[in-house]
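In what follows, chain A forms one complex with chain B and a second complex with chain C.
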Partner chain A sequence: MNKTVNQKAWFLVLPVLILVGFSAVIPLMTVVNYSVQDTFGNNVFFWAGLDWFRDMLESERMWNALGRQLVFSGIILAIEVPLGIFVALNMPKKGFWASFCLVLMSLPLLIPWNVVGTIWQIFGRVDIGLLGYTLAKLGVNYNYTQNVIDAWATVIVMDVWHWTSLVALLAYAGLQSIPDAYYQAAKIDQASRWKVFRFIELPKMAGVLMIAILLRFMDSFMIYTEPFVVTGGGPGNATTFLSIDLVKMALGQFDLGPAAAFSLMYFLVILLISWVFYTVMTNLDKRDGV
Partner chain B sequence: MTDATSAPGAASIPGDVSAAEPRARSRRRFRPNGSVIVMALYLLFLMLPIYWLLNMSLKTNAEILSGFSMWPRNLTLANYEKILTDPSWYMGYVNSIIYVTMNTAISIAVALPAAYAFSRYSFMGDKHLFFWLLTNRMAPPAVFALPFFQLYSSVGLFDTHIAVALAHTLFNVPLAVWILEGFMRGVPREIDETAYIDGYSFPKFFVKIFMPLIASGIGVAAFFCFMFSWVELLLSRTLTSVDAKPIAATMTRTVSASGLDWGVLAAAGVLTILPGALVIWFVRNYIAKGFALGRV
Partner chain C sequence: MAKITLDNLAHSYLKHPKSDDDWALKELNHDWVDGEAYALLGSSGCGKSTLLNIISGLLRPSRGRILFDGRDVTDAPTAERNIAQVFQFPVVYDTMSVGDNLAFPLKNRGADPKYIAERVNSIAAMIGMEDQLKRKARGLTADAKQKISLGRGMVREDVNALLFDEPLTVIDPHMKWELRTQLKQLHHDFGHTMIYVTHDQTEALTFADKVVVMFDGRVVQIGTPQELFERPAHTFVGFFIGSPGMNLFEAEVSGTTATVRGVTVPLGDSYAPVAGQVQIGVRPEFVRLHAGGEGLPARITRVEDVGRHKIVRLEVGGTTANAILDEGTPVPAGADRVSFDAEAINVYADEWRVAPGTAQGRAA
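Showing the complex of A and B:
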């Protein structure tokens, strides 16, 4: 769409600018301020330069948290994206059952994140939870509060449970946009199921799928509430992801300097991914020619 | 096979194919095939944990701890009764609903004109601004928890509903702008121009003509603002202590205390799912669009 140039449009954007400026820029400046200063208490601060950044870059704690975070995000993407596509391909195309599936699949997406944690905390308990009880009956020594592997498995299954539907719904929306003529043409060519998927469905889904992957990466990269409720970051530090570690540092130990430096680096990563996301979105808009 | 043999008569092909189509569809509906089994298994996987929560919420604490059963033996609503009569519980819901509603109203009100500007005009820095909004939607709440705490404490808003409502605008305003922009670009510009020729002023045009046209978009944006504010825990917990404590925080604090009442906790969880579950039917076709920031 060729838009008209109109500088007065700024006035329409102004309220948003002020509001988001207030709730984003001011806090971010506070963070920047803390990241370059040190204190001996009593609100006396002095200039520390880039020391905190250097400290954080050398800190094993941050690298470990980052490592765990990347492993976590990698695993859930590797599970959720193929599973989501698979589910989308099997969804009914129209009619009552399509709506029925849509509604049930959307349900986990709309549950408050701490309740998601609570649900799995209960579900996985060996004494009162269906999952934990069944596993114990089957003779599996399962305990997500003690065993690192079990804790990871629980957190990952929880995330798959929570968010696979999002990937599926987006992929489904992509599939819905394919005209019947494409499938008819494939039928005439006697294309196999795999070829239909590879050369018709996958290219048509590519755009929305990219959105889904970026959204999932981004949201899993900032995950806090669900693992916090289920495992509290434990056992030990086994499920302490970036956000959990950051909150521990900033609000728990009140290490303002390191936490602020940590925050800024965290934010830069997010900024980078946002840029990729934005580029994908605008390219998608252009391709659709809207 | 039949398609291939009848291929020489090109005109007959579409007829053949579409005749085969309803047969395939009716088979899918009436005979359990692979798709049905896959969907049934997936939905079972999604529903089991939720069922378990519901199951526990209908048991007494004694029954939960004494033995294992797939459904409540002595069906009881005592857990719900406790929540709905104890102020320390039900005020959590009231607080949550207050700040969520405030947040939704603020977000939509400021996002509407901005989304219109982004969808209709190009102006200096529009692309940068649009990107900057996106980064705020993506900003990790953990980064903002401490500065928000200090900011709202210093202006005396700590532990008020408006503080949480304003804090949540950080990600909800960008979300609303993006979603609304996605809907607005679908409205042809000719409508705007015709209205101006007919002598409508901008505010009158916007309220009388444009807003009804994108009513479903506003509904979807409002729903997603409501939802994202409702599900967020970290910021709302950090910014409140007593007077504005949200239900989510009430629940986590019960967890950390000793002597857990699992039944009540489960009932509280079920009640937080309700608002989403109630409206889910109306937004079912927009869920993907809303999560994808209006871009599907």
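Showing the complex of A and C:
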């Protein structure tokens, strides 16, 4: 087939290039620009090379934040994924209650992040919060502003409350796509409940679960608003995750250079993990698609 | 192995069925004789699969009982009934190997590993997948997957019955023939009670000892292929079985003759007066064509040569009809009359066959 060569067609792509340029490339390049320069104010900049990157890689502060972040994401995934699957398995398959559960499950997903943070901030307060007050009355020494364990527990429970629905809804969609014949065949083969889960439900959910895990990982890895509203990163630095630390550095201390280097590395870590997930997922698809 | 009895069985998918149409399966009494091969034949949506799922226990009937060797199992779960069932679309456990798939029903029942290996090997040989036992089931073609499903259905030797729900729909034609032959062989060797649901008459007639024809939620006839051919109990059977199906003509019947559009047609038997909408049915194989003489006026619209025989499409008094001529027989020149073999004519009142010599009623 003869293809018509028409270089003018490039003009059709131009609007997208401009849009992406202004919304992504240029801001990112500004960050890159800051990351290799230093300033003493007055808009005077000096070339700093890779110093900031070296600094940040040696900075205990960043490694601690990264460590906390990984622990947080790990705990979130370890709770939300099994819990979401469990909820999905126990949701009604059809009828009024199925719709009811779906609406109920989506509610937390619709609440803005800082509202979620505010809700839990108040909910956990010892003086007026329902949770904090009740715990105090029951004799439990709970205070998320002073106790590290309590702060972590509050932030984790809050995230579980906010986002388990997402995993559950995705898992539910996966479950709904399994034809009845599979369950019938399993009954005839006398498979136990566990085997039905292990050999029918889990393999059929694998695709959506990968997406759920990816979404939950990315989201929890970038979490900012909710812990910021509830604990402000405290007590001390106990709940200072990467984003919170980054904002403190960039806006609180106005250390633009290190913050820029930090955010670039942050970005690369996320990119790397996304790539790994993407590769794993497409390989799963390939196995399916033969 | 067991005799399966359906006692006043009926099923509706609605909670409160009102009219007759609400019943997916109308009241039914039947014994499935131990060790026979049955085909359940009917068009889509006639209740075949419903009946099958009731027998296997996947569905609880709204009314009536189901008995295995006289024991009421209406409320017994599927596992307790010890039945094997193969579904229309392949069900395989993707993450398991082919061999593990075949072994699954036996493993779940805690069978001896040596016995399992033995059975898996013989079933694999039967479905022609010996060399793929180690392969993962994921990514196999649909017919390979269906062969695994079939194999999984047959791996247990002690089942009460083997149920097949249109299992060969997704299989290639040449493989279809082979698998069907193997199923027959299996039936011959082990004598399982087999119920085979299909909408393909060739499949039904070649597979089964007895064919159960269903129409609109009702069993309209149970019989050997020959009975279905010679004495269809319902016009649907006449029409559905045979290619082309039975010719039907509005008629008035009295004694040993029928009158079709003013022409007298001799019958093979004597009939008591018949009420209702009366039709006579005659298979194309028993329609004779000739020029002039006795019989109904007819016009040939088309002749189709299908190899073994010729199908002559006719127009008889405003309705279409068919005749079959042997390959060697030429279409008579100037043929404008049809007559029928008197012995091969069946009389129907309101769709149901009338037995000769009796008053109106359903045929035995």
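In this text, the second predicted complex is superposed on the first by the 258 of 290 C-alpha atoms of A that agree within 3 Å, B and C clash if a C-alpha of one lies under 4 Å from a C-alpha of the other, contacts with A are read in each partner's own complex, and residues count from 1 in each chain.
The working rule: contacts are C-beta pairs under 8 Å (C-beta built on N, C-alpha and C of every residue); 3 or more make two chains touch, one makes a residue touch a chain.
Because the structure is predicted, anything quoted here is derived from the model rather than measured.
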Partner chain(s) touched by A:Ile200 [first = chain B, second = chain C, both, neither]: second
Touching partner for A:Ala88 - first (chain B), second (chain C), both, neither: neither
Touching partner for A:Ala191 - first (chain B), second (chain C), both, neither: second
Partner contacting more residues of chain A (chain B vs chain C): B
Touched partner set for A:Leu175, first chain B, second chain C, both or neither: neither
Chain B versus chain C as contact partner of A:Leu246, first or second or both or neither: first
Residues of chain A contacting chain B in one complex and chain C in the other: 184, 187-188, 190, 290
Of chain B, residues touching chain A in the complex: 3-4, 7, 13-14, 17-18, 20-21, 25, 28-29, 34-35, 38-39, 42-43, 45-50, 52-53, 56, 64-65, 68, 70, 106, 109-111, 113-114, 116-118, 120-124, 126, 129-131, 133-136, 138-151, 166-167, 169-170, 173-174, 177, 185-186, 189, 227, 230-234, 238, 248, 251-252, 255, 262, 265-266, 269, 272-273, 276-277, 280-281, 283-285, 287-289, 291-293, 295-296
Residues of chain A touching chain C in the complex: 179, 181-182, 184-185, 187-192, 195, 199-200, 203-204, 287-290
Parts of chain C lying in touch with chain A, wherever the complex brings them together: 53, 56-58, 77-79, 83-85, 87-89, 91, 93-96, 104-105, 108-109, 138-139, 149, 152-153
Complex contact set, residues of chain A against chain B: 1, 3-10, 12-13, 15-17, 19-20, 22-24, 26-28, 30-31, 86-87, 90-93, 95, 97, 99, 101-115, 118-123, 127-131, 133, 161, 165-166, 169-170, 172-174, 180, 184, 187-188, 190, 208, 211-212, 215, 218, 221-222, 224-225, 229, 242-244, 246-247, 250-251, 256, 259, 263, 266-267, 270-271, 273-275, 277-278, 281, 284-285, 290
